[in-house]
Amino acid sequence: MGPVKQRIASEDYVTINVGPSHPAMHGTLRAIAYVSGETVLGTDLEIGYLHRGVEKLGENLTYHQFIPITDRLNYCSAIANNVAYEMAVEKLMGVEVPVKAQLIRIIMTELSRIADHIVLVGILGVDLGAFTPFFYLFIQREEIYEIFEWYNGARLTNTFGRIGGVESDLPEDFETRWHELKKGLEKAIDETDKLLTHNRIWMDRTIGVTPISAEDALSWGFTGPCLRACGVKRDLRKDEPYSLYSQFDFDVPTGKHGDVFDRYMIRMIEMQESMKIIDQAFDLYKQLGPNEPLMAKVPKIIKPPEGEVYHAIESPNGELGFYIKSDGTDKPYRIKIRPPCYMIFQAFDELIQGEMISDLIACLSSLNIIAGELDR
Amino acid sequence: MNEWTIAIIKVVFIWSWTLLIATIMTWVERRGSALIQDRLGPNIAGPFGLFQPLADGIKLFTKEEFAPKHAHKILFTLGPVLFAIQAFSAYAVIPFGDKIVINAKEIVLQVADVNIGFLFVLAVGSLAVYGFVVGGWGSNNKYSLLGGLRATAQLLSYEVPLGLAMLAVCMTYGSFSLREISLDQAGTFLGFLPNWGIFKQPLGFLVFIVAAYAEANRVPFDLPEAESELVAGYHTEYGGMRLGLYLFGEYVNLYTLSALMVTIYFGAWHIPYVDMSSYLGPLAYGIVSFLVFFLKCAFFLWLFVWVRWTIPRFRFDQLMGLGWKSLIPLGLLNLFVTAFLIQITV
Amino acid sequence: MNGFETIFLYVGMSFLAISAMLIISALLGPLRPEPKKLETYECGVPLLDPAHKRFSLRYYVVAVLFLIFDIETILLYPVAIRYQVFARQGWAIFFEVFIFVAILLVGLFYAIIKRGIERE
Amino acid sequence: MDITTVTLNHYIALSVLLFGLGTLGVLVRRNTLLIFMSIELMMNAVNLMLVAFSHYKADLSGQVMVLFIYAVAAGEVAVGLAILIALFRHLKNVDINNFNIMKG
Amino acid sequence: MDWYFWIFAVMALGGGLFTITYKDILPCAMGLLTVFIAMAALYLHLNAPLVAVFQVTIYAGAILVLVLFVVMLLMSPGEKIKKSQVNCSNRFMGAVLTVGLMIFLGIGTKGLSDMIGAKELPEKFGNPGQLGIVLVQKFILHFEVVSVLLLAALVGAIYLAKKRI
Amino acid sequence: MALKDSVSRLLQNDLIALEESAGCIFAEVPKDKIVSCLSSLRDELGFNFLSDIVGVDNSALYEAKAKKAKKKKDKEGEENETPEPERPALPRFEVIYLLLNPDTNERLQVRIRVPEDDLKVQSITSLWKGANWPERECFDMFGIRFEGHPYLRRLLMWDEFPAHPLRKDYPLEGMGEERHLIYEPEGEGHWT
Amino acid sequence: MAIEAYSGDGWLLTKLEQLINWGRKRSPWPLPYGTACCGIEMMAALASGYDMARFGAERPSFSPRQADVLIEAGTITKKMVPILKRIYDQMAEPKWVIAMGACACSGGVFRTYSTLQGIDKVIPVDVYVPGCPPRPEGLLYALLKLIEKIEKDHPLHKKAVLLKGELQHGTQR
């Protein structure tokens, strides 16, 4: 047995196995909770139930072939993964991507960020017993999927973009679609806000639950909304502005206590910020002519020069980085993915100590652990 | 017709009626949740999916029934049976209408009008605990046991405020008999309000309805079966008809509690400002009073569904805190206010 | 004919009907018990330890509190039902009940202060 | 309810039998919880006797007395079981034979 | 109406017998539950409906639940109760003692009942309201004392349960 | 570049190499000095955020290079009589620590090389709590043992898995390892 | 004897079987076993746009005793195999399995050391849904196909034969 069991000195506990096939464990996570009464003394985490060998697979596929695999990392926001990988390879090759392609990438990434946050807020609601917001939000999520599908034919696993740009232009009536979606999204977010945010029970369930201090969060390697909830204003889009993000005007929301409520609120605000970014990006996009290039000049078979690179972007969950080592052939020599929730989930044991079983569920949901990128 | 025949007819009628309501409630719950959530809900089985509960019932009936190896075989079966029996029995003293006259014989629309009235409901309600304890313990499963313990602690905690609210009602009406309480609610109160219990006991009703939600294990108090925490709570190991009994029992409980609320606080079969018996013949009056009573119940049943799909659930300590720190003091306050008002008015 | 006998009729009928349901269900349903099927469900993994290790004491405290308050309510019922009669005779019974409840409220506060009903 | 052939003697017999069962339980069972249950059985027998007397002698005091007995029984069970829990924490056992630590 | 008495008398005795003989503790508790419910039914027969309801509420709904909680806290279902450790002669002694006690009690009570003699039941005997009047008129001091007793029990139980010895 | 300067000034003798590849700076330090190097980087240069730990198995790369070099040598060998002096073979594995300075937003990659016959590295879980799982994963995937790690156990693969799958000599489709397809063994925890 | 009416294709048996089949096909309660990408699409199928509840597939229950259809959506790794198998084994009869997505059907793109190449290697599958991931409509179609399959079942037949056999066996003894 693990170190948790050693830590708990008294015999006065019951082990409750939560997962893998458990409603709140997203199918593949497993936490063995040591509880005394309803209080959790500690948890042993067991991951790897979705370890599919993505990194090994990457070493055996060509650079382009690996893009579809990145879809399956964080399947809630596949496009962010695609873009992160492509940008890493482009950085390795030293390719400059045309502005139009960058704008399309930004629009799509932000859309997928909204879709990801929708899943989180919906599931957090379901796990805390409020089912209805999930359905309201999922209707809008379907609309986002329709835009994706209509852009490149896939709903969930988009395989968006190519190394060096994107494969096609935004469809002509994107503007009307986006405005419709925006209206619906605003309404759904507003409804969710009304149903949850100021609900007394919701506040009781989330405020002050599993807080974490900024120092601890940094030491554990938190990134993204979970780190921002602790009050650290760190967003790669602002701090290490990649692509065209330095040109946009958007806020980075921060919380104070790093509790479940802050994590939830940050997601709610970020959805609105993302909508702002999409508006601005689309304004820029409209100023470009229809014949602007979409792809940089890259060879058909990609053979980056020998070398290694690490590049990270701000995915919906936090810093999503790709370390790629190239040996000069058409296949990467080594790909290492730095998934955001991997580092966050480590801290789960520390977060949950002394809280109650119900908080375990709330905390897990609010961290947004996606098994696909956690286990790779 | 002798008394036994009438009694048997009444018993059979109300038993099947509660069963029917429980069945329809599952449909209402599903369609209602679908309505709230922008969905369609079950609509394939029969018109508007009305036969969905029937399909569920048949499926549960023909599902495999087995007791897990480590479970206690007797208790495993006894749990749902105890739960269902208490759920069905509680309705025995609650009226479902005023009275009906057939062949010059007056039949009271109530299985048994006894002088201990709602105390019987409370007493039988306190036996609901056994369904959870025996089932949860008999399953020999951690989730079940924890669910059973939670259920029991919750039921116990909320029985006290329920009893306190009833105590104030009993002070106001000076009777335990639910029929007498219903009859007392005819006419008007203070000249313009319907003479309903809610206007005499507003605080008591608040305490009662919250406690009733907790007693029925409904959101926001559905911790015993909180599916995101304890898989399915005390009925994790149950499948087939045993599970069906738990599910049915829950809905029957809902109906009993709704009927109790209507009887005590919402004027039973009375329509405000209208004296039905003067307009209608004896037979028609009986039927109309039954319908009015049922419609009032239906509102509360719908309220149960509505609340369930709107708000999240409590955490266990918050639930206990609400019960012991808020509801019981409120119930006692209500008791004293009632006593004080009676003292200064008599 | 007494009301209570009807109640027993009702309860007896519930019992019969429910037993009939279970028996019919057992006859209609398939039964293929296999050793693995009969294992205790624990999210798909083998049991870590027995289900019945010690659970929280809080539940005991809640039950004790309930027991005491239940008796309190019960003892108040006979008083409450004729309260209107007693009320006409003056304020004495009001204060009797007040004192009775107040003494028990002390107990409730003790339990709350001892954190008996929330976390252990 | 109409007076029937069942007389007070029937109730006395039943009550005494139940009391005897309770006594036997206390004497024979070794599990403390079961001993508690047997004591409850004895108390019930006494209650039955009180109510039967109250009925056949037309005096309501018997019934009121039963209500007070409930209160006493509740107190007894609450404290008794608390003691049992405290003992269990010490001895990890509920067998009455082990509860002889007072012997020193 | 004899059948009424006999049904529940047999039920009570059967439940009692089951309680003191069965090997597994929770079924024993269920046996005790049967006794309580049968007793409640008999109280109804004895014109004590209020006592009957309180019997179910308190004994079945509260006291036995408390016992069950302690069972859950302290025992596991797999754990069978150990066979009694008393030897045969002791058991025989117990039985003899019990029977003697029963005879003594029976004769004593019978004499007592003969001494008082039967009385006619007044109208509406045992109505809840009457009980309340008796309680307030005759037993108001007991009533107050009971609250102190309950308080003491509550404080004692919580203190003891939380204490480690 | 300022960062390069400050790093080389700080690490001085411990620095084996400092190279830049595609805009990323890689500093190589000796294996047994990793804890002290990282802690001084953290405390003095503000690199107090550990992004990740990457393990790399370089065996295939070296083989390919050696092959290429041999081919080249074969080609040139006839003309050039004096062979190049043989470089000492580089260790098979390397571990790269991805560091970040959240204040200046500079990233630094610190590399150590681990030879196959001495698969032991000092654990840095005392510096960053977040190093726990990456080190476990590194052990799982490459078999590099981190000394001082509180709970070094397989992370992603099951405990009985015999190999280290990200090593280059391990085939993509595995060597037929199956987790007991029927059931887990009813081991210590099983209760009857 | 009444048993005789059960045996063979008696009218009573057929009608009863039809009724049972109707009940079963109209309320296939799912056990959502969503492990990966397909799990999200399964959620979409349960949510408002597609609403699997129309077919009675409501009340997703994670307890295997209460569910009828195991919807296996997503990759099953070798580490997960015993758990999946145990969950399937613990389901009460009658039970069905829908393998949703390429990974569940055949391993999909993940032909690697740690991925199970199709769940039909460990548990029997009734309906396969191709796609990576399949659209929610795909899952609904699979559900309809499953309903067709349930319709063809003879739930009482085996039981009747068994009963008859036991009776004859009993008389012989």
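The letters A, B, C, D, E, F and G name the chains in turn, as written, and every chain counts its residues from 1.
Just so we're on the same page, a contact is a pair of C-beta atoms (placed from the backbone, for glycine too) under 8 Å apart; a residue touches a chain by one contact, two chains touch by 3 or more.
Quick caveat, the model's predicted, so the values are computed rather than measured.
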| item | value |
| --- | --- |
| Least hop count linking chain B to chain D through chains in contact | 2 |
| Identity of the chain that, by mean CA position, is farthest from chain C | F |
| Averaged-CA centre spacing for the pair chain E and chain B, given as whole angstrom | 29 |
| Chain centre separation (chain F, chain G; CA means) in Å | 46 |
| Geometric centre distance via CA averages, chain E-chain D, whole Å | 5 |
| Centroid distance [mean C-alpha coordinates] between chain F and chain E, Å | 74 |
| Shared interface positions of chain C, touching two or more other chains | 4-5, 28-32, 36-37, 39, 41-45, 48-60, 63-68, 70-71, 74-75, 77-78, 80-82, 85, 101, 111, 119 |
| In chain E, residues with contacts to at least two other chains | 49-50, 54, 57-58, 61-63, 65-66, 69-70, 72-75, 77-78, 128-129, 131, 135, 146, 150, 153-154, 157-158, 161 |
| Shared interface positions of chain B, touching two or more other chains | 37-39, 61-66, 70, 114, 119-120, 126, 140, 142-143, 145-146, 149, 152, 156, 159, 174, 176, 227, 231, 236-237, 240, 317 |
| Contact set on chain B toward chain G in their complex | 30, 34, 37-45, 49, 51-52, 54-59, 61-66, 227, 231-232, 235-240, 243 |
| Interface residues, chain G side, partner chain C - complex | 20, 63-65, 82-84, 86-87, 89-94, 155-156, 158-159 |
| Sites on chain F touched by chain G in the complex | 156-158, 165, 170-175, 177-184 |
| Sites on chain A touched by chain F in the complex | 2-3, 47-48, 51, 53, 55-57, 59-60, 91-92, 94, 216, 218-221, 232, 234, 239-240, 307-310, 312, 319, 321, 323, 325, 327, 333-334, 336, 338, 342-343, 346-347, 350, 375-376 |
| Chain C-touching residues of chain A, taken from the complex the two chains share | 12-15, 17-22, 25, 30, 32, 36-39, 356 |
